[in-house]
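Shared between the two complexes below is chain A, which has chain B as its partner in the first and chain C in the second.
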Partner chain A sequence: MWLYLVKRIILAIANIAIAVTFLFLMIRAVPGDPAAVLLGTRATPEMKAQLHEQMGLDKPFIVQIATFFGGLLHGDLGFDVFSQRAVADIVFEQLPYTLELILVSILWAVLVAVPLGCYSAMRRNSLVDQVAGVVTVATIAIPSFVVAVYALLIFAVTLRWLPAIGVGIGFWDGLIYLILPAFAIGIGWVGYISRLVRASMLEILGENHIRMARSFGISEWRIIARYALPLAILPTVTILGVGIAWLLSSAVFIEVVFARPGIGTLIVNAVNTRNYPIVMGVVLVTTFLIVAATTLSDVVNAFLDPRTREKLGHGKR
Partner chain B sequence: MKYTIGNVSRRSFLKTGAVLGGGIVAAGMPLSQVIWAAEGKVLTARSDTEPNTLDPAYYTSQLEVDYMNCIYSKLIQFKPGSEWGWEREAAENIEQVDPTHIRFRLKKGIKFSGGHGELTAKDVKFSFERIVKNNTPVKVEWGSLDRVEIEDDYTAVMIFKTPFVPVWNISLPHGVGQIVSEDAVMKATKDGGNFGTTPPAFSGPYVLADWKKGQYILLTRNPDWAGQKPGFDEIRILTVADAKTAERAYQAGDIDYTTISLDSLATLKGAPPADTKIEEFPSLNYVWIGMNMDHPKLKDINVRKAIQWAINVPQILDTAYSGQAQVATGTIAPGIVGHRERALVPPEGDLAKAKEFLEKAGVTDLALTINCLNDSESSTIAQTVQAQLSQIGITVEVNAQDPGSFWSTGMESEGERWKDLQLNLMSFSSLADPHVSTTYFVREQIGVWNWERFSNERFDELSAKAVTISDPIERAKLYYEMQDLMEESGAYRFLTNGRTPIMYRTTKVRPAMRPDGLPLYIHFKPVSA
Partner chain C sequence: MVSVEAIGPEPNDAMATGALRTFLRQFRNNRTGILGAFLVVLIAATAVFAPLLVTHDPIRIMVGPRLAAPSLDYLLGTDQLGRDTFSRIIMGGRIPLLVAFASLGSSLAVGVVLGLIAGFGPRWLDNLLLLIFDTIRSFPGIIFALAIIALLGPSLGSIIFVIAITSMPIYARLVRTQAQALLGSEYIAAERSLGAGMTRILGVHVLPNVIGPLLILVSMDVPAVIAVEAGLSFLGMGVRPPTPDWGATLNDGYSYINQTPWLVIASGIPIVLATLGFTFLGEALRDIFDPTLRKDL
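So, the complex of A and B:
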């Protein structure tokens, strides 16, 4: 197991290094000049040269990337000339807003979807299962920003039950401001996860060890909770790991619709203004998040699945 | 089982929640407003972006000046209203002694916060000369300013190398005219450089009390301010990038004042939210289709004129702005010296005439590219131009780009892309002086911001002369001619100066705007006052 963990971590670091280098190359391949955007029509050649020097853009490409990775080793993500602040400060100031949005969205989605999926599997073809089937497929099909706009119009503009924009102040206030954005992101996941759990559950419930458990007279709920769910949940764990990338991209739209701060808004602005240090900082952090989430889901999978545990413990058979 | 957190049981928590929730709903108050509710008079406004800096010597946008107007003093300030004019702010007296000298005397008792003392002529000298000495991006707004000579603690003379008339419209009452504390800036920066987003001292009616990045900026009354008390105790400016989101937030009660998008204007005017007034102001921006005169396909003036005459401006404005923007007659906006009554080419154009020009050029099967920004408004304009030019047999490909890429297309310093530039949808913002709306088209700017590569000796002469003439009527004549020259070159088709519509809650706020619809927050009044 430990060897597996070490291998996964090395792979994760390699993934991050490759992704960041690739994006470093891509963003510089696109034409554009941060000086033109920042200084506007008042930019003189001298001022632009000065800004290029401050941003390190006058140096050869290989020096720029070496400086970036060299800085990383010292925990330095670079310096934003536009705002005269450290990139790490800017990124980590915005990151919690995106993380809380993603976590709350996925948490409520899992809390609703897993029982729903289990219930649908247990009561296959019942009215509840059929209605849930139609509704969940519909929620998967609707993009999160459409849900966001309608949720905002209904609950904030018309009913005025919830705030329309911002993140609030303090924990409880923040939770209230999270309701609509988290609903918009999570609703599609409810559909997705519940269908996934239902399908896995149906497969597991038909397996021999479950039939054996039933023959011992164990209650259906105990069979579901103790024997079926830990196996049925495995595909969901895998999907959640990969889904962090989807969640991050949904967050970009949702942050705009609800005027929330976050790294989505930050990177959109940074790309538009060719603010390379911020772009690289955000890319690094998001790549880390994605790689960490997929690695974590693999590890959790290995932990939950006795077959994988055994394989890792005893080597390949 | 009894669930408790601290001394609060689950039941009492739910009870309290229900009572609070019921109370809020019963009071008919949006939850968001309950959360924001605070003592005193609070203005909640919206801004589409955040300041890059609050240092006047390095300011990058009008938005930053809106904040600076609240936290610093200037010698003079713009008067709210429908006509451009200024009034004294920190200056007790100010006069143009001769074309190159302006003498001012400061009011006594204006204090900098943080114990940085009284605002004196020394601070004015430091603030103005710092911009010139540091060669900052906004140095150009001081024109030919040479130095400020101090006569006593409160009196000084600004000395210009040559007459610079725009000083009264773009320098003194605007961004570069903000006065900072020499003592505070030198302590904060050591060399008088950029202090970024952390002002070391305030000298205006408000101070920057809080700034949650990406969320809001909070301005509160400056306790050291001895001047006229501003209307609101607090101004909360929420950052809402998207105009539509801001409109929804207004309707939800989260904002009391916001600008609105032109394509929502007709709808909102038709069915305004309760207790709401919508007002429109002519903007100072200028939007045009530019043509690269040096491009082989556009070198012939007849081709350029054909394009000018084929473009139907009102049709474009109907499509892109739902008919809510006015046709431009040139680069200089209405209300500014030099604004032309009409353009040389009628707004509707004339397809027959366009075809005649094209025949005269002997060009057939012409295929061009139009560059534009990748926002929906710009794309719509470019697509409408594409459709219009197809009527005279010109095929146009639309090349929409993100801002980072677009704003370097015509720059020679950014490689060879300028050589491929053909048609370009351009939009510049401006200030309250015609100089700013024409200065980017001189020969010196070719390959910098003059992407049409318009080259006219007479234009350059007029541009240099116009900043020295103080008589507005005589000055206007020069700007009329300059815009005529631009249009006669065939390289420009002026579209619009845009409009700035605003929406505010009449039960909360009485706004005070510049003639171009930008907010002068320190003059905003609460309705109860």
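So, the complex of A and C:
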């Protein structure tokens, strides 16, 4: 277990190092002088020179990349020349809004999907199972921003039941403002997780220790809850780790549609104003989040299921 | 050499027709698969014959009143510039299909080559490539795409480039796994001992074995590509106006959602039908050919 943990963390660090190098090369690959692009057409040569020095563009390449890495290790993501603030401050100011949104979305999705998946597995080929089978594929396939715009049209614009845009004030108000956005993000996950739970549940229900429990006359619900579910939930744990990348992607659209603050709105605005430092800051922070989440879910999974530990050998993961 | 031919798993003609028959029988029983195939054919045919189907010039402004509701003249109403929505939706289906074809095609080509290099190359190169594949997968989807667009400028080319990069690792991994499995198998050893070169092993054994699963993976990636293209165009980061596109029209509809529901309704439905159609079809193909696919990737 400890060996696995160490190996997995080294792999994660290598991932982040390669990602950062790649992103750094990407910024430098922009045609033209980044300082000139950032300052726009009115820039004087003195302003450019000053920004060059600020960004370290006058130094040799190897020094630049070393400074970049060094800065990252200190939590320094660069400087935003427009607002004269540190990029890290701006990104971490917006991050909680996004995390709140994706946490609420995934929470309601899990709470609905796990019972649905269990029920579908217990009553296999029943009407509920068959309908759920088709509907869940559909919810996975439909893009979250289409769901969001339709939900906005129906519940906010036409029926006027729910607020359309913003985040509200205070906890309860904020929760009401979260209903439509969280619905739009979570609905696909209900489909995805319920299918996963159903599939692994079916596999486990066929195993010997479950048949044993049945032969003892233990009730079906108790078998599910006590013996089968803890095992059947494992794939979901893994998926949630990988899934943070998808959640962040849908959060970008949902924040824009519902005009919510967050890193999605932040990066879309930054792209529109060509504010590269902010764009890169958001990419770096989210990449780090994703690597951390996948690593964590791998470790949790290895802890719960010893078989996966063996798989970190050559190329099998 | 005849006996060597027979050792490999490549199908001969009789097997192929038999396999086709089995496939058709299985496919007939897959109702969502049939629905998916129907939708895919419908969308592809609409895209191909789009110029014949449009009722108005899709980019001419003020062919009718602004933001009109559907009528016999304007089947799906008009947009904020008085353009005919029906014609724009019909023509708009070409963009996502083009993006899917270009991005997944190039992704597949690069993925196969890198997968073969990883599978047959030295161990250190294999490990390095795996690390790079992992790294690409840890980039945050749309956010990464937005970063590329910030650097390259908003265009279809940027979108194709991003999708090609980010979908490549899964294809490369599949090819790599297959190549390594074959390298250790006895019939490849026999083939080699008969003096077969690398090209023959690749062309006759590895590629035919891997092409089926690869195409299934590609078909399952199509709905995601359609969603990404529509999504980025919805954010104004994809096609440039006045090119007709579903995502761009959805954005127009979103901007005028308080004045008319028709733009949103008209542009959302084709996105839903396209993603659903390709998903149903891809899932059906996977269930029939290779139910275990993706589990080890």
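Just so we're on the same page, the second predicted complex is superposed on the first by the 262 of 317 C-alpha atoms of A that agree within 3 Å, B and C clash if a C-alpha of one lies under 4 Å from a C-alpha of the other, contacts with A are read in each partner's own complex, and residues count from 1 in each chain.
The definition used in the following text is that a contact is a pair of C-beta atoms (placed from the backbone, for glycine too) under 8 Å apart; a residue touches a chain by one contact, two chains touch by 3 or more.
Just so you know, these numbers come straight off a predicted model, no measurement behind them.
**Student:** After the superposition on A, what does A:46 contact: first (chain B), second (chain C), both or neither?
**Tutor:** First partner only.
**Student:** In the superposed arrangement, which partner chain does A:157 touch: chain B (first), chain C (second), both, or neither?
**Tutor:** So A:157 meets both chain B and chain C here.
**Student:** For A:146, select first, second, both or neither according to whether it touches chain B, chain C, the two together, or no partner.
**Tutor:** In the superposed model, A:146 contacts chain C only, not chain B.
**Student:** Give one of first, second, both or neither to describe whether A:257 is in contact with chain B, with chain C, with both, or with none.
**Tutor:** After superposition on chain A, A:257 lies in contact with both partners, chain B and chain C.
**Student:** Once the shared chain is lined up, is A:245 touching chain B (first), chain C (second), both, or neither of them?
**Tutor:** second
**Student:** Kindly classify A:13 by the partners it touches after superposition: chain B alone (first), chain C alone (second), both, or neither?
**Tutor:** neither
**Student:** Of the partners chain B and chain C, which touch A:134 in the superposed model: first, second, both, neither?
**Tutor:** In the superposed model, A:134 contacts chain C only, not chain B.
**Student:** Is A:274 in contact with chain B, with chain C, with both, or with neither (first, second, both, neither)?
**Tutor:** Both partners, chain B and chain C.
**Student:** Share the list of chain A residues that count as touching for chain B in one structure and for chain C in the other.
**Tutor:** Chain A residues touching both partners: 30, 152-153, 157, 256-257, 271-272, 274.
**Student:** What part of chain A is in contact with chain B in the complex they form?
**Tutor:** 30-34, 36-48, 82-85, 90, 93-94, 97, 152-153, 156-157, 160-169, 173, 176, 256-262, 265-266, 269, 271-274
**Student:** Contact residues on chain C for chain A in the complex?
**Tutor:** 32, 123, 126-127, 130-132, 134-135, 137-144, 146-151, 154, 176, 180, 223, 227, 230-231, 234-237, 250, 253-254, 257-258, 261, 264-265, 268, 271-272, 275-276, 278-280, 283, 296
**Student:** In the complex of these two chains, what residues of chain A are touching chain C?
**Tutor:** 11, 14-16, 18-19, 22-23, 26-27, 29-30, 134, 137-138, 140-143, 145-146, 149-150, 152-153, 157-158, 245-246, 248-250, 252-253, 256-257, 263-264, 267-268, 270-272, 274, 276, 279-280, 282-283, 286-287, 289-291, 294, 314-317
**Student:** Quick check: in the complex, which residue numbers of chain B touch chain A?
**Tutor:** Per the touch definition, chain B meets chain A at residues 25, 28-32, 35, 49, 52-53, 60-61, 135, 137-138, 140, 194, 196-197, 212-216, 238-242, 245-246, 248-249, 251-255, 402-405, 407-409, 411, 413-415, 417, 428, 440, 448-449.
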